[in-house]
Amino acid sequence: MERPRHQGMAKNTSMRWRLPLTCLLWEVAMIVLFGVFVRFGPEADAHWEEEKREMNLTSDIENDFYFRYPSFQDVHVMIFVGFGFLMTFLKRYGFGAVGFNFLLAAFGIQWALLMQGWFHSFKGGKILIGVENLINADFCVGSVCIAFGAILGKTSPIQLLILTLFQVTLFAVNEYILLNLLHVKDAGGSMTIHTFGAYFGLTVTRILYRPNLEQSKDKQGSVYHSDLFAMIGTLYLWMYWPSFNSAISEHGDAQHRAAINTYCSLAACVLTTVAFSSMLQKKGKLDMVHIQNATLAGGVAVGTSAEMMLTPYGSLIVGFICGIVSTVGYVYLTPFLESRLHIQDTCGIHNLHAMPGLIGGIVGAITAAAATEDVYGKEGFIKAFDFTGTYQTRTPSVQGGFQAAGIVVSLLMAFAGGAVVGAILKLPIWGDAAAENCFEDDIYWEVPEDEESDVYHMHNPDKPASP
Amino acid sequence: MERPRHQGMAKNTSMRWRLPLTCLLWEVAMIVLFGVFVRFGPEADAHWEEEKREMNLTSDIENDFYFRYPSFQDVHVMIFVGFGFLMTFLKRYGFGAVGFNFLLAAFGIQWALLMQGWFHSFKGGKILIGVENLINADFCVGSVCIAFGAILGKTSPIQLLILTLFQVTLFAVNEYILLNLLHVKDAGGSMTIHTFGAYFGLTVTRILYRPNLEQSKDKQGSVYHSDLFAMIGTLYLWMYWPSFNSAISEHGDAQHRAAINTYCSLAACVLTTVAFSSMLQKKGKLDMVHIQNATLAGGVAVGTSAEMMLTPYGSLIVGFICGIVSTVGYVYLTPFLESRLHIQDTCGIHNLHAMPGLIGGIVGAITAAAATEDVYGKEGFIKAFDFTGTYQTRTPSVQGGFQAAGIVVSLLMAFAGGAVVGAILKLPIWGDAAAENCFEDDIYWEVPEDEESDVYHMHNPDKPASP
Amino acid sequence: MERPRHQGMAKNTSMRWRLPLTCLLWEVAMIVLFGVFVRFGPEADAHWEEEKREMNLTSDIENDFYFRYPSFQDVHVMIFVGFGFLMTFLKRYGFGAVGFNFLLAAFGIQWALLMQGWFHSFKGGKILIGVENLINADFCVGSVCIAFGAILGKTSPIQLLILTLFQVTLFAVNEYILLNLLHVKDAGGSMTIHTFGAYFGLTVTRILYRPNLEQSKDKQGSVYHSDLFAMIGTLYLWMYWPSFNSAISEHGDAQHRAAINTYCSLAACVLTTVAFSSMLQKKGKLDMVHIQNATLAGGVAVGTSAEMMLTPYGSLIVGFICGIVSTVGYVYLTPFLESRLHIQDTCGIHNLHAMPGLIGGIVGAITAAAATEDVYGKEGFIKAFDFTGTYQTRTPSVQGGFQAAGIVVSLLMAFAGGAVVGAILKLPIWGDAAAENCFEDDIYWEVPEDEESDVYHMHNPDKPASP
């Protein structure tokens, strides 16, 4: 039943008017909305000198820029190079991986500045932005990059832009519910970014199920060099993850602690990933898919608890477990999800983001519930969980309960949102490729004649060598 | 007429004595000049403790190092990896792109430290350097990397070193005229770096015009993997451009603001680049050349105004326009410049740096002219434009006029300097390659036997397999 | 005599149980040891507010995190991307280069946190860690990455883990002797990291000498794209080396100065590397091996003296010399070491780390011996060399003597340690590959069918196309 639709679509993948119009109209909308709403926050405004006096700051170094800008740049690299190159592993979809990720992220950060701004930085009718807003916008887009991983190679750039528009919107709503209504802690986004993003993407790909995808199976693999390109993505995600989890934590000890916990968790995760990758292959050989992905699960899984007193050995334990869970997921769960549940998960985000994200939410709930004034110090305890104002009387165990509720809300938002967005993307007007043309850059990109072809032509004197 | 010269030259591309002698003698000259002139600035000197007391600083964190070092490193990455890899798109010129860029930048930063030092950091007979000097040296070299883009693949490494020597010198003079004599603002260098660098390079390539360049046309394209390598360059330039434009701005709000404006401009630029790349291709397919280059035009075009109160939506508008201008330039202007004006612009720097640089200068002039005490605050206004001392009475509109004059001066310096340097490089003694050997690493590099050849040999039993 | 052993081993390279067990057991050991010993230092602990009051700090920005985190991230990139990709130059060992480097470094940083912690951060029965410990752990692992360069392609992952375990241990002991007992300065680790790491690795590879290695000679070279991947590693090492040498220097001027000195040394080194690479090749062509490696020697060689008043021109001189020494080493010494001394040094670490490391130690000794109160200022002099407490009366020339002693100790530790570890690695139970299978990912990795093969199959209708 699906087949004919896709065959029909094959004639219709041209983006010539649909994509330009979408990009231009949406960008105009961004300009109008920014014009109406977005202004510099006090630390980026030229009135800063006055602000400084009012806030009794003695030095420019107290500007939030110097606390967060290095972390912002690391996060920025993760979103554009990290996610972008991680997905270049496919042999003929490198342009789409890195190029579409670039497109959706560039649009997404603008829309996220608005959505998150209305919820969190809205003062006197204006959204006042600073470096923290930039980081949060990148975070929000990170969840879209994750969802992109599930549908990689199977959607048109317009579908990706639509996905971004809706997912950023829902992300901001979900984040608001968690951070403001439930008063949940989630600095590195195990729940808001990873759990939400991954289950959202998995729901979308389930709805976009393509029964004939085996027609492009030859293009679903990697080649030697594409695996090396993907390792660039992996390593930048791995190296900068401590910045990711600490980027928006409180100044001082919290940022410091979040970086250390993440560093430890990621280190342990590499060892168990290697162990299980080797163990689960007949000849004990390592599988690049695992090294590229499962090694990162440790970063996902301390996303909620990194700024808490998880302790270095606690982080090692979390990383230890997640390397195993994620690798085993790649070997057994991904094929199962595809064959039984019809969830075609190109990059295996279920193993890298969904399960570790859930684990991260749970670890966060437990760590919060286990917090004591003894461990945190009287002041540190209040500061770490922001037990002030309305939340003055909240106890650790209650906080743990709310943290757990945050997981559930994120899941529900992901499933519901993913279902609606998946249905929209299923409409036969967005120019997605036929099953046999999936995972193939040639559909949406001008692809240069390449080495192989050169050689090929060399041996085919009948065929003209020029394109 | 040109042809015979180049054919004759083909025998003479050997660098064996010319290149080593140039490198060694020039480096010895650097050592001597550094020995005579260059010393540590007060914040890098071991007398810093005394300095701190004098300046009434209470903490080491007030050392300029902590304000600027992270931005410096980002700029450093842009110069060496950003520009270097951006130019690896050619199928057989990756070594030259990344290697010659490395060479000229490594020499250029030393000469720039001296030239800029004499103009701006000269005290008591010594050039006193600190992290800001390192950033400025990288900036100066950035303009050489831009010019390199125009002549990529067509010049010998000696020619590139000579180009660097002269261009850095002229850059420093032009910068001095703009910043000190005209008292112009140009933190991200729309005028000093991009306009100057691009028109300088375009003038040089015009003078070095090669009528028979179509002989190496087969090597002027990209292959699949080389386009991915180039995307590494693109993304690092794109991600770190906020650091570029804010690196030498005033501490505090100005740095913060410059980063935000650049972030916004670049995001908008991606959308319009994609729109026009798709729109201008018959089948609506995206062209990697546009994605690799035009997406960066937004960063160039807010180079002057980023630290001003351009506002986020103002930045979006600038980015919006520049994505269009740059992409349209690649499609229509580049072929026109080559066929009619005999300007062979390998990387299309006219579209990425020249036009956006001009726009950036103009946007800066307008933004400065439109500045009011209301928008900047009384103190902020004076601080932003440094309206102190001699410039105490300068009004915004006058400042706007001087900014515009800065554009004109940069253009004149570029044309005049480029003409002279082009003429020098045209001398038939520098070992440049013949037209049929352009864009080919094999001329100046030991190139390994590669995959293709392996395969080729596999099918050619007559030909010996070893090199 | 070796031959049969290796041929026998060919059947035994399966890692299926050996590698997983090693990884899992060692990681469990890490968790237990971290649980017993490792806690957050005061600046990462939730009690920081109280600490701040006690230390009389007025702002969170005084947290060491903000002094060192950006440098830490740069160092982190050097270890994982820098060293990892630098070694991808081999045509069929990219997975091993980047993947095994990832594995050994991820294990090594954990073990280094413990070993270095016991020596330097042990208080009240606990190791208290902060960002400086993370940097030091990365540094320690850097010395293992260096040693890995000598044996690249010839060892199994288990051998690499064993090497890491022992080398980290010895590194920590050697570092303790130098820094604490000899009271030597070595901020960038010319002695502790480079001299020790390189001679350790060279001793190991000498003991693991493979007489029949020419059987895999066809795989010891690079291909075009692998050389470009390696340049990613080179450039990140080169760009971030100023962060490496300044990362753990004293706050303020020392960090600032170390970055400037390293920047200068590296710039000069590029010029002399290019000069000698061209000069030593018959046709004057540049050799990628030199550009990828010798350009970095300048960073190694100012590792000890960068934080001293070496001065910018002093740095240029050091870089000038090291570019020459290193390049000449690649051309003449490496073949000599292999043929005469049976030292098979895959990456040429003797030229990049051993000789420049020695030079760095000597330069450090001379610079220390030449220090005067005039140059450093009274306070600066004491601060720079930490001439306090027991060392109050130490003179510069005595310090120079101790610095020189540090070189000797590092060498002795490297030779003795390398001999023992080499003997352990020689045991025929670790699953290393036969000589004809060295430098080949296929032994330990599932390697995807690649482009070449596709083409190959295209022309071989007899052979089935699927793997």
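So that you can tell them apart, the chains are marked A, B and C in the order they are listed, and the count of residues begins at 1 in each.
Everything below uses one rule, namely that a residue touches a chain if its C-beta (ideal position, glycine included) is under 8 Å from a C-beta of that chain, and two chains touch if they have at least 3 such contacts.
None of the values given here were measured: they were computed from a predicted structure.
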Classification of the subunit A:subunit C interface as same or different, half of numbers criterion: different
Copies subunit B and subunit C - rotation angle from C-alpha fit, nearest 5 degrees: 120
Geometric centre distance via CA averages, subunit C-subunit A, whole Å: 32
Sites on subunit B at which at least two other chains make contact: 61, 66, 70, 225, 232, 451, 455, 459
Complex interface listing, subunit C residues touching subunit A: 14-21, 23-24, 26-28, 30-31, 34-35, 38-40, 43-50, 52, 59-61, 63-66, 69-70, 73, 76-77, 80-81, 84-85, 88, 92, 94-95, 98-99, 102-103, 106-107, 109-110, 113, 129-131, 134, 157, 225, 229, 232, 443-451, 454-455, 458-459
Subunit B partner contacts - residues on subunit C that touch it in the complex: 61-62, 66-67, 70-71, 74, 91, 221-225, 227-228, 231-232, 235-236, 238-240, 242-243, 251-257, 259-260, 263-264, 266-268, 270-272, 274-276, 278-279, 281-288, 291, 295, 309, 311-313, 316-317, 320, 375-377, 379-381, 383-384, 451-452, 455-456, 459
